[in-house]
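Presented below is the structure to which this report refers.
Residue numbering begins at 1 within each chain, and the chains themselves are lettered A, B, C and D in the order written.
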Amino acid sequence: MARLSPQPQSHAAASPSTLGDQYRRVREDSRRLGEPLSDADATVQSMPDASPAKWHLAHTTWFFETMVLKPNLDGYKPFDERFDYLFNSYYETLGERHPRPRRGMITRPALDTIFDFRAHVDEGIDKLLASDPDPSVAELVELGCHHEQQHQELLLTDILHLFAQNPTKPAYRDPQPLAVEPGEADDARFVSFDGGIVEVGHDGEGFAFDCEGPRHRVLLEPYRLADRLVTNREFIAFIEDGGYCDPLLWLSAGWADILANGWSKPFYWEERDGEYWTMTLRGAQPVDLDAPVTHLSYFEADAFAAWSGKRLPTEFEWENAVQSLPVEGNLADSGRLRPRPAQAGEGLRQMYGDVWEWTRSAFSPYPRFKPAEGAVGEYNGKFMCGQFVLRGGSCATPAGHIRATYRNFFPPDARWQFSGLRLAEDA
Amino acid sequence: MARLSPQPQSHAAASPSTLGDQYRRVREDSRRLGEPLSDADATVQSMPDASPAKWHLAHTTWFFETMVLKPNLDGYKPFDERFDYLFNSYYETLGERHPRPRRGMITRPALDTIFDFRAHVDEGIDKLLASDPDPSVAELVELGCHHEQQHQELLLTDILHLFAQNPTKPAYRDPQPLAVEPGEADDARFVSFDGGIVEVGHDGEGFAFDCEGPRHRVLLEPYRLADRLVTNREFIAFIEDGGYCDPLLWLSAGWADILANGWSKPFYWEERDGEYWTMTLRGAQPVDLDAPVTHLSYFEADAFAAWSGKRLPTEFEWENAVQSLPVEGNLADSGRLRPRPAQAGEGLRQMYGDVWEWTRSAFSPYPRFKPAEGAVGEYNGKFMCGQFVLRGGSCATPAGHIRATYRNFFPPDARWQFSGLRLAEDA
Amino acid sequence: MARLSPQPQSHAAASPSTLGDQYRRVREDSRRLGEPLSDADATVQSMPDASPAKWHLAHTTWFFETMVLKPNLDGYKPFDERFDYLFNSYYETLGERHPRPRRGMITRPALDTIFDFRAHVDEGIDKLLASDPDPSVAELVELGCHHEQQHQELLLTDILHLFAQNPTKPAYRDPQPLAVEPGEADDARFVSFDGGIVEVGHDGEGFAFDCEGPRHRVLLEPYRLADRLVTNREFIAFIEDGGYCDPLLWLSAGWADILANGWSKPFYWEERDGEYWTMTLRGAQPVDLDAPVTHLSYFEADAFAAWSGKRLPTEFEWENAVQSLPVEGNLADSGRLRPRPAQAGEGLRQMYGDVWEWTRSAFSPYPRFKPAEGAVGEYNGKFMCGQFVLRGGSCATPAGHIRATYRNFFPPDARWQFSGLRLAEDA
Amino acid sequence: MARLSPQPQSHAAASPSTLGDQYRRVREDSRRLGEPLSDADATVQSMPDASPAKWHLAHTTWFFETMVLKPNLDGYKPFDERFDYLFNSYYETLGERHPRPRRGMITRPALDTIFDFRAHVDEGIDKLLASDPDPSVAELVELGCHHEQQHQELLLTDILHLFAQNPTKPAYRDPQPLAVEPGEADDARFVSFDGGIVEVGHDGEGFAFDCEGPRHRVLLEPYRLADRLVTNREFIAFIEDGGYCDPLLWLSAGWADILANGWSKPFYWEERDGEYWTMTLRGAQPVDLDAPVTHLSYFEADAFAAWSGKRLPTEFEWENAVQSLPVEGNLADSGRLRPRPAQAGEGLRQMYGDVWEWTRSAFSPYPRFKPAEGAVGEYNGKFMCGQFVLRGGSCATPAGHIRATYRNFFPPDARWQFSGLRLAEDA
């Protein structure tokens, strides 16, 4: 569900020099993400919902070429006219495009050519930023950076999905060891919040996607939120208690998925000699019992909560909590690529940067939300149907891309993202 | 999507004699609905989402037999032990059941036998109510009556769907003529509401389904609501302006439906010699330009609102409106079977009993909503995923079955109900 | 796969009086077949390959009205103009028609109306035959009779399929008891044939469908043919030996069906307390161990033959055998509706009227076969692709409809006909 | 439909030295076919019926490793144990294997590694052949060579299919120019054959696949065969005469394909400014009007023949013709990669090496055909269901791989092979 909701709230655009730094850093991050991949790795599409790495690297570049360079850089010469058709994602106003489920057929251009395309566009953007462009151009470049960061995360989750299809279970990369060796996770504590009328949504400072605003008031009943994520150990208890076999725990659509697809454990899990293993970006690994459970669908998160006698939080309960309390969360560690076990600590732990947390909130427009005009703003709300909001960011989310108001969203059966849960209850 | 959410809020149970009257009236209504049908009409299932009329008539009776008579009436002899398997809908705790998409295979028992089954159960209920049963039994009977009323509406919409498949377009029934001949609908007026903190949800007086409560506070921004429904004439303007051809007006999933299924007008519409006709319970009829448009999916309602520069209301905006103003709406006219054109009038018109109004609210649990225990309460919230709330009731909704807090819900692509829309906007 | 290959070979047309008798007998047979059915039984379509009984009764009548009466009987008034659309099967030259998989949606006209339609057409045919019509008209009437006999068999197999979907397993009819109580079947004997150049195909005497000719020479190698059909007892030995679990016994496409559909025994079989039961026209019954196995796909027949170290015969080996030897087979017992156990006897037993015998011959045109001109001859060879020939006729085949040259054909995965096998081997 | 029917008829095995030459030549041919491909080109699977080039290169090597080296070469060390699972095609007796439709997920091992695997196995085979192995081993090596040649052709047709999915329509290779510039094809002449009893099938001299034998007698009626293939110009006349719109010309299953898939011209054809273009191994090219039409399904070939008032030949008519007359056909020109226009000439032209010719013969076992024992002979006849025989070999068939008795076979809807037709008629 790669989708761009790319309308920045009005805010002072970053100054060109800073912006240039930001641009180069983001682009360099993408390049590094592509490094471990062969041409074949970067080409294959493992399911219609995923895209080839090559496509992510090209599409984000196409965005800068089409939205920024063509209309704004005099004398800019497009790298290859055919890329318009190949690498448009879903912009209806920008013409026909290659069908999404056929993205994996594009064996040519090769990955090297895509890197050449990137360099060509980078040169153009450098030139443009050096020319003191209009603030609206700077805003588009910043938007493009955030757009590219979204695709960086998708590139990782899509490669994980691809490698999981390979019986040899290759590793994408051996990440840094965890700074702290995990001990057994301590019991979750439930933190109380008073509720009442609170403000949520982006306030206009710094970048945000359009669906994060307008900032507005909501009324919350008193509630409690677990201070850490649900662990693999806890989820195994659910499995062993027959959680996947009891229809009373499941939403009707989720139970239908179980019957149709035989779900009996989180995505990527398999049993080897009585132990659970899972596919990771380091290849197949034993499940770390004290790490947060991940690769859950909404259905599984919701069923686990029901089994626990709790519920999922709403997105506003989550957002209010991080606004109210000191929270812990490492947002700058994108090389880690795996969720951290909870460390002993105060406040709310693991709020950012481990796994996306399913909320019970359907992805809906905020009051007075208005879709923007033109191609950039095309389809701001077009995905507001049949999806649930996730909050908090995952270990695959790029550094600097997460904030309290960020609304990720996926259909309730999506499992290939780093998605888990935190329990809540009424106070 | 026939589904029962059958947990009455606590309230003084109706007294047995009144309850007996209610029971007999509801059961007689069902019988009359079945009268125009042949054995074959009542047996065929025209799509997986629809059920045969015979099944509706039997399943509602099975409910009384299984939930009320078997546990509470000494010496009750079930009509036919095999009906447990045949006519259970989805109660997992009540054992195996015949697969929903195969309901149309049950040519035997015949419709006459189903009527015998109904009489047998009616006799049992009479006996039970005469015996001064426990209030909890009375509550179950009342619940069964409301459950049966839900199926009365579905019986009608399912028969309409079946007859629409027949190239000869048979009429189910020639309803009463409309009391007033329609003139051209006057322009819609937008009525303003202040918003603020308001209470919504069922307050415990009289019967309600569990998902209508608990009553709770919500915060509304100021808004305006059209005083009448959108008409066929207005919807034709949308069609003729290319509404079905402009992806920018549509939710992504709705546009995919258009591409996959070739939608270009409301369900049941066809063109004959340049005029629009539609299938109705009176057979094929020319579209009445001043009547409310109906048989729309959520996608079509939402796209029309976008094209109009307006939006759909939330379910709470709708509910607050009927709590704030005198409303017009005839709830006791279940023989009409077609939506009424708007008549000149004050206040909010056509709020009840013409077409179900799509709201932009996903069907979600209210704060502190708790699923009930046991078979009756099984699955209270199991459909709270992927569906949108509709309000107001349609011309096929039985008399006495509609109220301000009633939440109907369907997936966004459902079109075979009497579903239309009313416009809203921010104030 | 109801299909008509309706080109009679040139032959002296039956005289009108005899033909009138034939017509009345065939029509009366159909009427009697419809007698045990309710309106609902006769209306429902249980799968796309099957048709409703009502449709069979109406389509065969439509054939006489369209092909015979309209062009040949002055002043004939069609019963209902809409029936042209409803009851055409696949004649492209005769206009649009109702889509085959939607035949079960036609709840109206009711079964009674179809019987009225039949009477109306019968009257017209009576009148026409009394008027000394052209021989070509008589030929068409004879063709219509054979066409109707094909549909009589399909009506029975389609009703069996429908009733098998009903968990209550209703009986269509209690047939006559078997004349002789079955003992255990004796061992099959293999009868030798010399082969060489032999003639096969219809020789022009009496009625035949076009695909049965032209009569022509074929070259056969010496072969042996079992003198009786394979029994249920023998087939159970195959099951118990793991026949359904060994891919080496199966055609590739058959093995794919096993994997996709979980086939593990003949169609309609189920296990009850360690015993095999099967659905029959008398309702669910224990499998009769000495009766011929039936409701097999080509894949199952072929796998059984491979497991036996034998093979299926070709259609010409079968036809040469019945031309060479006295054969036993009761062709006039259409009320029996179940295959007979083999009786001790000489010659080839059970060649006619028990189960259709799968041959290894693909359904292909005979040398010099030419499709006929016009609507009657439309599509003579259009099914000559992907189907295998069956020979011999079943217990559901009408009396007088079977002959040595008759070629029935079905796709290799079809199982709802009365289809079994006889073993062959090279001599 | 890559499938191996790998049972050599008994014949004197090639002597080791010659065999070594043959082996090296075939292996080198494969290597050269892989040369123009990138790692990504060689990895992607464009449809379930096609395999990645990498897979073809690895699977043919796996065959030698598994069937020849492991059981026969002392001390042979397998290249990578995991390849057994990855590169088995369908040998049930050789264990589990990677599912066919998922072959395109295997981005690793890379193409370079596959070439290393090939070199490793080549070394083993060299060593084995130098050791004067048992004749049965030599037979297996020869079989492996022919098996690899089959996959060489499939590699080309599968790459063509893959490149056709790419909107940029890349060229695989620029082949040699045609030796003779085409003029307009002359009219086809029909050559007469007497028929009678003739012998067909492989006689045991030289290599053949098992399904080509046993040689046996068949009886042919007199017939005539066109002396050249049907051209693109002739096929365009069929299109322009409404051939794709007239159901009377089509087999029932073919017409269903037209309705379902919108076929209106040969596979790979598209219209550009009123001219037909087609995808070729040289990229998109204008259709050469005088070249043989190719990329036809059986349905299209059969419909064209019906429209022409002719028919397709049987496989035995074809085989008898090449046994009876001098034929023209270049079998040693595998670099050409496109069918040749007919040159003026005597005898039967274009019989070999241009396009595979659909025959009306279903792929069936010859009399006394017996599947072989063991893994090599596994499944000899498992594809003898639902397929039609093609004769003659195409421009993608390797030099030396074609002979008069060769039976290729594909399902009637397959279009991605170089498949066309030659007309026949009764004499």
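Here are some notes:
Convention: a residue touches a chain if its C-beta (ideal position, glycine included) is under 8 Å from a C-beta of that chain, and two chains touch if they have at least 3 such contacts.
Everything numeric in this text was worked out from a predicted model, so none of it was measured.
Graph distance from subunit B to subunit D, where chains that touch are one step apart, equals 2.
Subunit A and subunit C, compared by their mean Cα positions, are separated by 60 Å. In whole angstrom, the spacing between the mean C-alpha positions of subunit B and subunit C is 47.
For the pair subunit A and subunit B, the distance between mean C-alpha positions equals 38 Å. Residue positions of subunit C touching 2 or more other chains: there are none.
Which chains touch which is summed up as A-B, A-D, B-C, C-D.
Residues 38-44, 46, 82, 85-86, 98, 102, 104-108, 110-111, 162, 165-168, 170 of subunit A are the ones touching subunit D in the complex.
Contact residues of subunit A toward subunit B in the complex are 90, 92-93, 197, 216-219, 221, 247-248, 250-255, 298-299, 360-362, 364-365, 367-368, 378-379, 381-386, 412, 426.
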